[in-house]
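Each of the next two complexes has chain A plus one other chain: chain B in the first, chain C in the second.
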Partner chain A sequence: MDIKKAVGVYHRNLLIAIGALLAVFIAIPMIVKTPYIINIFVLVFYISTMSMAWNILGGMTGQNSLGLAAYMGIGAYTVCLVVTKLNWNPWAVSILAMLVTAFIAGVIFFPCFILQGPYFTLVSIAFAESMRQFIINSEFFGRASGVGLPFGPDSFLQFRFTSKVPYYYAGLIMMIAVYAIMKKIDNTKIGYALKTIREDEDAAAAIGINPTKYKVIAVVISAMVAGFVGFFYASYIRYIDPDLMVQAKSTEFVLPAVVGGAAFVEGPLVGGLIMIPLSEFLRANYARVLPGINMIMYAIVLLVVIRFRPSGILGWYMESKFKKFIDEKILKKPSLDVLEQYELMNYGSRKEA
Partner chain B sequence: MEDKPIIEVTGLTKRFKGLTAVNDVSFTVRKGGITGMIGPNGAGKSTTFNMICGYYPPTEGKIFYNGEDITNKRAYEYTNMKIARTFQIMKPLKNLTVLDNVIASCYFGHSAAKNRHEAMERAIEVLKFTGLYEKRHVLSKEMGTPDQKRLEMARALATKPEVLFLDENMAGLNPTETAEAIALIRKINESGVTILLIEHIMQAVVSLCEKVIVLHHGEKIAEGTPEEVMNDPYVMEVYLGKKEEQQ
Partner chain C sequence: MKKLLGILLSVLMAGTMLTACGTSTSEGEPAGGSTSTETTTETTEASSDPIKIGTIYAMSGDKAAIGENILRGIDFAVAEINAKGGVNGRMLEVVRGDHAGDAATGKSEAERLITQEHVDVMMGCHMSTVTEVVAQVCQQYGVPMITAISTLDKLSDADHAQYDYFFRLCPLNSIYVKDMLEYLKDSSEQTGEEIKTVAIFTDKAAIGQELIRCVNLFADEYGIEVLGDPIDYSSGAADLSAQILALKQLNPDAILCDSYVNDAILFVNTLKEQNYQPKMIVAKANGFTDPSFTTSLGSAANGVASVVEFNNDLTNGKEINEDFKAEYGVDMNGHSAESYTVVWLFKSAIEAAGSTDGEAVKKALSELVIDGSFAGGRNIVLPYSKIKFEAEYDLAGEKHYRDNTSASVAIAQVQNGEWKTVWPFEFASAKIEYPAPLQ
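This part shows the complex of A and B:
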């Protein structure tokens, strides 16, 4: 009973904290009216989501993919082409976009899993580049000039708005939904399989995990998220071209996860919230003096994090006194033993019911 | 009592390029027993295990499990067949806690846990059984050799095996830890698990095994009860010869 009470208090505090954070994000567009700032938040939402897509491969499975922009591009192109040529509803096409990226990831990319470590990374780069070249050389895909979505009056059904605010909320929901999915995966069979593969493929096989099968699952999940972000991006920007799939874009999606902490599901969110506004700030203020300043900063931050804090901001936080203070004094988090007993107890009561 | 062997290997051979690591080895493992495999360094013991457990395809020979030919099974299919193994060079999931290491195992194999509660319950049971319960929240990379060896066993046991392969599970342990490990292996065996173990520590082999297979330069040179193989002139020569080299 004591355990239930203690855990109950903790869960309630956690809920309040999450609710407060959510309230802040919901309130931002009501207070901040500048489209420029709203745009930065939209960037934070979709780039962080892409970074979560990277993280299930790079962080959880230990397979560093540097070709994620290609999947986002495939999703975006699917949406633009099917909406303009077949006149389908964009929301329906978003599902198609995920299926197409899943198919391409699962079937075409499948042989790449014979390759390990840096070879996998190299092939992911080559794959993305060949997708881009294919599109540049294809009339159907609009060659280098790209394709657009029809303009028109605001419409939720068309996912088309003049204001950036609806995209802000849609992006926020997308990011939270993907986070919830990733959090769920992290705690279930698939997550354990992926983490075991990351630590040691032989050990994984020894307990009955087929490494190839689970790596394909990870790639497909990652690609589907990227495909959906492609839909979001195309609907937001309303015009896409093959530049969407350049190498630099893929690299951009790695940084939030690595800076935030690739071992944590929350890593891409924490990293994204810090790095993207910083990058935008530098670009806006110094790009004229020093073109590419934000990319230089990206490189430096990446090097510094990998050299001094490979576990990222959250890795630092987890060991810090600050976390201890928050857990003990504010959230009133019970000890691990108590939480564990609670989990086991919960099972007992459910079995009886 | 002509029990059918649970594991039977015939003519097992492994050649790496020019080197024949294992040459025409045949033996059987009795269901419910503890069988030992000894031999000097480089004798081919681990290679034999790796073939039986699906890590290396044998160059020649066959492997039978309960009479079924499993020669072509892949390593990841073994826990579904109720066979589990440990590694000579420990492979802990370094960045996961001891508890998570074992929970991962609970999700796979023939009686895989269906949900987190079930996985957790079994993991805790296995951790208590192997004496790692107190350390369950430690990252596995932060533990010493004895505990990592235990963790190897815990991870294998969490898949609920019927047959367990242990590759030098006592190497690097001090006498007290060795005694504990012997007791643990006996306990596992008494719970109904057939065990095949590779071991250099003779005390362990003598006290645990009902049958011992001796490998030398990839060939089986003797087989029998611990006393029988210890008194085999060739085995004595191999081991005494090894002692002289070391001096």
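This part shows the complex of A and C:
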């Protein structure tokens, strides 16, 4: 009974903490009225989501992909072209964008998964660049001039607003939804299989996990998320060109995960929330004094984090006294033994039922 | 292994970041003026507050060299105007944004400048995609914007009819190319040889697409045949020898080209390497007119001609160029001259409007006519003598809005390592060197 009560308190506290965090994010646009700040949050949301898409490959499966911007570009182009040429509804096209991106990624990467380690990374870079070149050379895709989405009055159906606030909430929902999906994957068979492949691909194959199958699944999930973010990006910026797919963009999506902690599902969120405002802050305050200095400072921060905290900010947090303090004093987390017993009890009662 | 991978990855990423950093440094910007005072004095504009001009150009990344020239022109004009007492008794202040060559960054910078720094007017950008996105933001907030150098025709087409806060000073790409073809036709007067065929050599990026499109638009009108498919490459090319060989095979009377500066330099070097000497090369500005083009090539570029929006031997530009050179140690170029002019346009419009209210300035801009010279300032320093933003007009069968229809360009040729204006003949200080010596 004691065990149940202790765990119950912990779960309640955890729920309150999550609820409070959520409330803060929901309240931000009501308190902060400056579009510039809202814009930074929108950037945080979609870049963090992209970073989660990277993380399922890079963090969970150990396949470092540096071509994610291409998926996002494919999604964005699908949306812009289908909406302008066929006059479809953008929301419907967003699903199409995910399917197209997933299809292209799946088909192209299926044969590539014989490749391991750095070779996979190289292919992903080549893939992104060849997609970009393909678009630059294709009349249908508007070549280098890009394509825009039609302008008009605010409309939810067209996902078109002059205010940033709707994009803020849409971005927030997108990020939370993708996080929930990633968290789910992390705790299911797919997640365990991917992590096993990351640790040792041959061992995974030996115990009956088909590495190619699971890697394709990871790529397809990653691509679908990126394709949807492409839809979000296109609707937000409303004008896209092939520069969207350059290598530097792909790298931008890797950073939040690496800085936050690629081993954790929450890593990209923590990293994104820290690194993107930091980058904007540096540009706003230093770029005019000495152009480029903001990027040097950003790079130094990055080097320091990766050199001294290679497991990322979350990796450091998990072992810090700070976490211990929060767990024991604020959340009243019971000891692992207690939690384990609770799990066993639950397991037992489920079995009986 | 994972740690090693992590470190490798970090080095890679830091590397990309560092290479993306520009080389330029800027002077003369009051760094202390950046602390945003928030919304307190937003509406009650005290007469002593500076008028803020927002600029969005690449100050870092591989396009930073272009941004630097533009900002020099702006700083020069601002210093000139402030020395004479400012605008309506208020000083001008430049608030710089850096779009680093990226549209999303441009959008967020535009929003920052408008909502945080409260800029009154906006200038930008030099990549047309970024200009498009920034123009959207300016339209949304009712901030008048003039682009000094975005030449993409599309920016003022029917899709942009309702962008009534957006104005364009520079000539459109079609006008550039039209003038290039006009030059080819007129050149026979001095060279004695008629140009009948051309080949196009250009970047795959938007600038190149525009060149190709415009040449095809006007080639028939001037009786010029375009040989083969356009020969193109991707920006920042490492090697152009295949392209040069293809040009050699086409053997046109003249090559029309457009490139960013690194590729332009590589282009001329590769011509030499491949021992190919085209008789006439006419470029559509961009990288070719960047100061580093002639400084790094010297006489190797002799004979290369380019469209210029400005040149130091232009009759109405000589004087300003001397002052400009004394200040910065380099010649004024087209970009600096045009951005210089835009600052003066804003001054004239704000004076005419009597306030910095967005709508009033917009109205003043649409009614503004500069004939010959700016009130209290210099003559127009560009190769034309009138500035007026035409509300609506026709160009090659399409409607365009709020462009400066009097804008035109001159053609200059590198002679002894220096740009000499050779066309239109009445502005010219030198004769066309033909065939191009390239040494």
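Note that in this section the second predicted complex is superposed on the first by the 336 of 353 C-alpha atoms of A that agree within 3 Å, B and C clash if a C-alpha of one lies under 4 Å from a C-alpha of the other, contacts with A are read in each partner's own complex, and residues count from 1 in each chain.
Just so it is clear, a contact is a pair of C-beta atoms (placed from the backbone, for glycine too) under 8 Å apart; a residue touches a chain by one contact, two chains touch by 3 or more.
The structure displayed is predicted, hence computed values, not measured ones.
Q: Figure out whether A:Asp2 sits in contact with chain B (first) or chain C (second), or with both, or with neither.
A: Neither: A:Asp2 stays clear of chain B and chain C.
Q: State whether A:Arg283 touches chain B only (first), chain C only (second), both chains, or neither.
A: Second partner only.
Q: Could you tell me if A:Gln133 is touching chain B, chain C, both of them or neither one (first, second, both, neither)?
A: Second partner only.
Q: For the three-chain arrangement built by superposition, which of chain B and chain C touches the greater number of chain A residues?
A: In the superposed model, C touches more residues of chain A.
Q: So, does A:Tyr36 touch the first partner chain B, the second partner chain C, both, or neither?
A: The second partner, chain C, only.
Q: Do chain B and chain C land on any of the same chain A residues, and which?
A: none
Q: Residues of chain B touching chain A in their complex?
A: For this pair, the touching residues of chain B are 53-55, 74-80, 84-87, 91-96, 100, 103-105, 107-109, 112, 116-118, 120-121, 124, 137, 155-156, 158-159.
Q: Taking the complex as given, what residues does chain C use to touch chain A?
A: 2-3, 5-7, 9-10, 12-14, 16-18, 20-26, 29, 31, 34, 59-60, 64, 67-68, 95-98, 100-105, 107-109, 111-112, 115-116, 128-129, 132-133, 136, 140, 152, 154, 159, 162, 204-206, 208-210, 234
Q: Inside the complex, what are the residues of chain A that reach chain B?
A: Residues 187-189, 192-193, 195-196, 199-200, 202-211, 263, 336, 340, 343-344, 346-347, 350.
Q: For the complex, give me every residue of chain A touching chain C.
A: Contact set of chain A toward chain C: 34-36, 39-40, 43, 62, 64, 133, 136-137, 143-146, 148, 151, 162, 233, 237-241, 243-244, 247-248, 251, 254-255, 258, 280, 283-285, 287-296, 298-299, 302-303, 306-307, 310.
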